[in-house]
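Data block below; observations after.
Labels run A, B, C and D following the written order; every chain starts at residue 1.
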Amino acid sequence: MEKLIVTVAPTGNVPTKAMTPFVPVTPEEIAEDIAACYEKGAAVAHIHARNEEGRPTHEIKFFAEILRRLDEKGCPIIRQISTGARAGKTAQDRAEALALNPASASLATGSSNFPTSANVNDPALIEYLAKIMLERNIKPELEIFDTAMINNAVQLHKAGLLKEPLLFNLVLGVKGSLPATPKNLFFLVESLPPNSVWSVSVIGPQHVPLSMIAMALGGHVRVGVEDNIYYSKGVLATNVTLVERIVNIAKAMGREIATPDDVKRIWGVN
Amino acid sequence: MEKLIVTVAPTGNVPTKAMTPFVPVTPEEIAEDIAACYEKGAAVAHIHARNEEGRPTHEIKFFAEILRRLDEKGCPIIRQISTGARAGKTAQDRAEALALNPASASLATGSSNFPTSANVNDPALIEYLAKIMLERNIKPELEIFDTAMINNAVQLHKAGLLKEPLLFNLVLGVKGSLPATPKNLFFLVESLPPNSVWSVSVIGPQHVPLSMIAMALGGHVRVGVEDNIYYSKGVLATNVTLVERIVNIAKAMGREIATPDDVKRIWGVN
Amino acid sequence: MEKLIVTVAPTGNVPTKAMTPFVPVTPEEIAEDIAACYEKGAAVAHIHARNEEGRPTHEIKFFAEILRRLDEKGCPIIRQISTGARAGKTAQDRAEALALNPASASLATGSSNFPTSANVNDPALIEYLAKIMLERNIKPELEIFDTAMINNAVQLHKAGLLKEPLLFNLVLGVKGSLPATPKNLFFLVESLPPNSVWSVSVIGPQHVPLSMIAMALGGHVRVGVEDNIYYSKGVLATNVTLVERIVNIAKAMGREIATPDDVKRIWGVN
Amino acid sequence: MEKLIVTVAPTGNVPTKAMTPFVPVTPEEIAEDIAACYEKGAAVAHIHARNEEGRPTHEIKFFAEILRRLDEKGCPIIRQISTGARAGKTAQDRAEALALNPASASLATGSSNFPTSANVNDPALIEYLAKIMLERNIKPELEIFDTAMINNAVQLHKAGLLKEPLLFNLVLGVKGSLPATPKNLFFLVESLPPNSVWSVSVIGPQHVPLSMIAMALGGHVRVGVEDNIYYSKGVLATNVTLVERIVNIAKAMGREIATPDDVKRIWGVN
């Protein structure tokens, strides 16, 4: 079985310091947490930025500062920038940080609901972001909040806007989007096109069992405070403890952990 | 097996006279087509309205005129009014025709994509529409464009905003939403809560086989020019020919056709 | 969609005249029923023989007599001879009628249970029968009573004992073997190797809906008094009425009916 | 999630000392291995016996000797005796060791194939064994080699021959029976009746990932040299190393390990 890619998603748009002291929000906190997770086995960092008030932002300067600090620390983790719907208003907003030419960026290929708003990614926006990533040689990670988004990605590939292997992240457990059940996960995996590279990102208490199923099926795993502020019932998580648990399961099952160089090979990028 | 409810969806928002001469757009054309379909076995009419220019509208006067003409013809078919995302801008727009107290109305319980726009139904809009339907005793038909919308409906039911039996319409084949495959249909059906009443509404050439699968599984069928302008490759459909084909398949398999009174019994309304 | 192959299984091993007057048991009765079913659209006859006491037999003379009478009537239906476990004790018994070089013969690729006995087809027997069919250019129809038999057939193909396209008959509803549910049928179909030709043969009241699902999925259908002595609740079936119903459903859905020549093309035989 | 029951199957009918030095075959070797596995976390021992030549046997004296030695060691592991098809010729043979009143015994509820023979368990045999177990208060573990056996068990329960909770062991990867794929495992699990207790027993290289999936789904795991003589590619397994790996995965995922007392509670026995 292929080595396991562990992605850490340290911050996201939702957790606040009031919810958990363990969410990193300043560029330095984020970079530090990512570097610590790299030491434990994470090979990719899925990065959101926050402004001075701790609010989600797509402004390039915050992303630039996070990346600068990662460089400063000499951390070779693969950088992936979020273009998600919660932080930006316009397509231009959402694309702004792509000018930093990160190795990867997220790309949701359809619309669904969040708990209190719509997760709107209309066809024009998707094409717009996909084209920028194609031009800048940024590997899109296709964020799948519901089943239709898989076929939307396949159509985008047919239209020449995505390169193989398609890289999927199956997001389960966001209220308003696909619930985190084994049946849903299994169905999504069966619905992927051949030769896909895929991971799961599971919100809520099912994140450990569903991540294990992904690991058993040859998929990869994203964890982090973005997705789960709890490690277990009543116990707050840190990015490091979440990464460690996945790495420990991988070791117990005998699956090797991918390095950033392995990620490049698996994703087919350089 | 329960009697088969055939719903006719004569108009929708997309077909134009330029695309097919068989799409009814004026209130009289729509009422006439519905009455003819009732004679062939349709028991429910899923109604969209068009304004004087033939464009989709949620304005109550057009719906009122269609219903008036159906009454005039003495057609007992069950009236279902669309609240779909394409015709109205605001929640109030989309709810406007509910003031007519139709027996039923459509309610999409989540967001997805259309071919060139987003199908936005955010949580607040869904609740708003569901509450009006509950107060006015209008049976919501839950329009499922992707898997997550089933669970969203279940949550709405838990919140007291829907009455049992939940009434689902599984929409497959809209570009940007769930593709029309047997696997997707089967998965949606397995994902429904117990005791649901459900139909399919399939866009594209798979609409005959997938409708048959629904009929074999005990589900119901919606057909009409809204969903398919073609009867078969190269042959334009009329609402009547589409209804007739489903009724013929039902007869051949030995499944009885529901009357409007049967619909009331099956839906648990009066 | 490919034309629909309707196979008639007029007799089987189980039904007796005491159970239904409509089961043909003498060679003349069997040939006459098959010829009548051919006129209604059946393109393949799945043939069991009975001895003078009406008991199942693998003796070649009874099969020879049935085939002779079909020839006499000039009926061009494709002949398929059963090698099933109920009628013969030894491998030689079960292979005996293959000496008649029928176009096709049944081949169960594994063991399961019947209502009161085991349906034993051990690996050596399967290979023995497969080899004879291969040498004599008899197209094996792989009788799948449970999931494992599909993979057993795939292994047999890998071993060079089966030619493509593999021809499967999915048998559902035999007590002790796989139950007749949509979920089981759908799972079997998903488990078939690519490019398979397949039909269903469903025992019990689910045979109409499951046959429809098969027809909708591009599969073919076997019907007959062997599988169902009832046409509907309380109404005894004849082979002709069972064939007619499937043909009527096919016509209503717009699927053409295969002739014996179509069968040869679809099966890749001559 | 319920605590994880780890069952060790140290010997089986197939492995020989020539194949692996690590298969225990004498009563002392077997008892010693079981006791060592108990120390590592196994709570149930699935026991086959071998005669003086190391051949599979159902003779009671060999089973008695194994149990005596376990008692002598004070090992509280739950005893489960195999009644499998390979070692005994007649129903009486296969039931012989049930006279020892073990806590549990295996019961295959249907027929399938082994690599070179049929796994014959006809309806009369199944009833015969089930009745003895019911009378003697022996908990049957239902050995599922293919899908139909689940429904056969459900029918046996309806007939009053099994007590709830039904206890299933899903056997995947025996050549001739159901192949060891995630899809097959997932389908079997979905086919179980509500409130079942279940484990997997996977033969071949997929045994680690499929066991993980079972653990993630709330199922239990059987491992041992009976099922796998290899720990990983080219590395021979011991019963202890196989048990340890499962326990390590369970610890890494945070699932507690069941004791023999937990097993009694989970199985509803005393």
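One rule holds for everything that comes next: contacts are C-beta pairs under 8 Å (C-beta built on N, C-alpha and C of every residue); 3 or more make two chains touch, one makes a residue touch a chain.
Remember, predicted model here, so these are calculated numbers, not experimental data.
Of all chains in the assembly, none touches chain C and also chain D.
Copies chain B and chain C of the same chain sequence form an interface built mainly from equivalent positions, shared numbers / all numbers used being over half. Between chain B and chain C the centroid-to-centroid distance comes to 41 Å (mean Cα coordinates, whole Å). Centre-to-centre separation of chain B and chain D, using mean CA positions: 52 Å. The set of chain A residues touching two or more other chains comprises 183, 190.
Chain contacts here close into one cycle, and each chain has exactly two touching partners. Under the touch rule stated earlier, the contacting chain pairs are A-B, A-D, B-C, C-D. Of all residues in chain D, those touching chain A in their complex are 1, 182-183, 186, 190, 208-210, 212-213, 215-217, 232, 245, 248-249, 251-254.
The touching residues of chain B, when paired with chain A in their complex, are 110-113, 115-124, 145-148, 151-152, 176-179, 183-184, 187, 190-191.
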